[in-house]
């Protein structure tokens, strides 16, 4: 049993660090001082934007989800660490994908990381909802969780697709990001009513 | 809708990390143990000071701005992430500029980053002010936002100037920093009255 | 004398950074874009999981222990820094062990770090319990601290064993992690009763 | 004017990052898996301990000082950033000193960093005390600040000494650390009375 504030504080610390650590990928072109010295960085820049948006989405939804929970038990705590574990590998996946100009295996690996993050998030949400009972606010707010299931499905499609069409697979990742871009309105409505 | 405390905590975490990550730029002269081994680090040191002051200013004004806001909606949240995105690129811009001894393109690129940060800050302030209505405290405190507009103008001038005069362009960046060095007195007055 | 909130906040910041800094170990295979380019990373991945779980356990138990304490005196403060010092060396130990494919000396060194962390944790718990008196809640919750003593014993055995059997020694480290995986039920019970 | 909580949170974030970033200095001996592969790391280890203790002391005293202050004005805020600026250079100074086996110039440079940190701390304490008036609790708690002045004097002596005797200069740094190891009893007494 843990007060949810601490778990949130720790998680947000990890989010903040992950988002900033990715900047270290940008290896400065030491003695290239013309604009075209930045061209080799384009894949890094594109994948940085994608990962930045993803971590931002998880941070945002993570906060919303915890809003409806009063305390955290042991299994939720480890489910949260499991989510942070896969999120912490995002900088690695981002760099590998960028360093190989969106080649098929790194793109599929990046999708695998997104799939594991998405799965861990679903598990965490389930545990938190079950903890509060079927009648709990979070359980009602999540409902059948169509958005979550759809995302996982798209990830799987994109991972398979990456073998022949790695760049369109990346576009699929970006589309899922767009789906989640708007904070979870189901929970947002609950929060609005409370304030 | 998000309690402003969490957004501030996350943002300040990112600020703290950005400010400290820039120290990693200083590549230690491994076996140069005389004072002149530090000479090649001079541009890094100068640009570190400039960026440190800039991040400090954003941190400071970011806090002041949030002081007048009671809650954060979805668009403010993403405007905030947009600001953090450009701020997170400051360490890269700083290193590129320093590694090339203030050559024209990296100096212009650094100015571009400052311009995007400045623009993102203006957008965030607008969204927060609009959210509270024209009558809101923040809307009144910001007024016509002359300081913000002037900064953006100077950045544009400096970016163009960098093509022929990169070092004076850097001095212009430093002048804008001086303008902002004093915390936003318009908001400071409001805060003082409240306490 | 220090309010415990600040000490926790600082400690959790350090925990969050340690856990994320270990990701920097994963050197991206720059131009290997096939799956077998990840094979050399296997030892890094395995040791990353082990260390991630260990830091997670310390974070978790650290929080639980502080739950029962009302304030922190000078010696507890330095005992806490002593614990953070050894924890901060975990990323180094992890990388050394992984880079040498679980060779005997690095495995023993990793065990030594775990032993020092475990010892520092025991010292911190003792100081906090003594501060509250024998009758204190923490003192009662800890009791004879069999789990703590057993862990230290297994570490010593594993360190000696590493000389001939480094991989089984690693398995012993993982077993201790499993023992601690479940949050300290002695304290958990106290917390449950209070809420 | 800023609520002191935010300034503390930001500062402690920077402290936590500085303390952990120094671990990145330890370059793992990639394929040296015997104990003597650690010998070249000895100076890094020694200087890491010294810097770790110093940052720990600043964190501790920083907290104590803020305990007696109710709010922060603009000049205190920049004095605080000035302190963080010099503290943020400690990892660089530590690595330079270690990489050159405590050669005279890096040792003097390290002492210079400590001197600037110490000076910035004195300035910050003065501004905070003046803000509250001569009668303020902090002003009384600080008194004539003998410990602070003595430290600065020893730093200057050690910096000069480093030219001929770099290792004894390091010992002087360690002695100052010992002086500060015990949290500021003048303030500790005040805090104790309040609780």
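By letter and in written order, the chains are A, B, C and D; residue numbering begins at 1 in each of them.
As a working rule, a contact is a pair of C-beta atoms (placed from the backbone, for glycine too) under 8 Å apart; a residue touches a chain by one contact, two chains touch by 3 or more.
Predicted model only: the values in this text are computed from it and were never measured.
Looking at which positions face the partner, subunit A and subunit C present mostly different ones, since fewer than half of the interface numbers are shared. Among the other chains, A has the CA centre that is most remote from the centre of subunit D. With each centre defined as the average position of its C-alpha atoms, the distance from subunit B to subunit C rounds to 37 Å. A straight line joining the Cα centres of subunit A and subunit B is 26 Å long.
The multi-chain contact residues of subunit B, meaning those touching 2 or more other chains, are 9, 13, 17, 24.
Viewed as a contact network, the protein chains form a single closed ring in which every chain touches exactly two others. Within the complex, the subunit A residues that touch subunit C are 1-2, 6, 9-10, 13-14, 17-18, 21, 24, 71, 74, 77-78, 81, 84-85, 88-89, 91-92, 95-96, 99-100, 103-106, 109. Chain contact summary for the complex, subunit B toward subunit D: residues 8-9, 12-13, 15-17, 19-20, 23-24, 26, 28-35, 37-38, 49, 52, 56, 59-60, 63-64, 181-183, 188, 191-192, 195.
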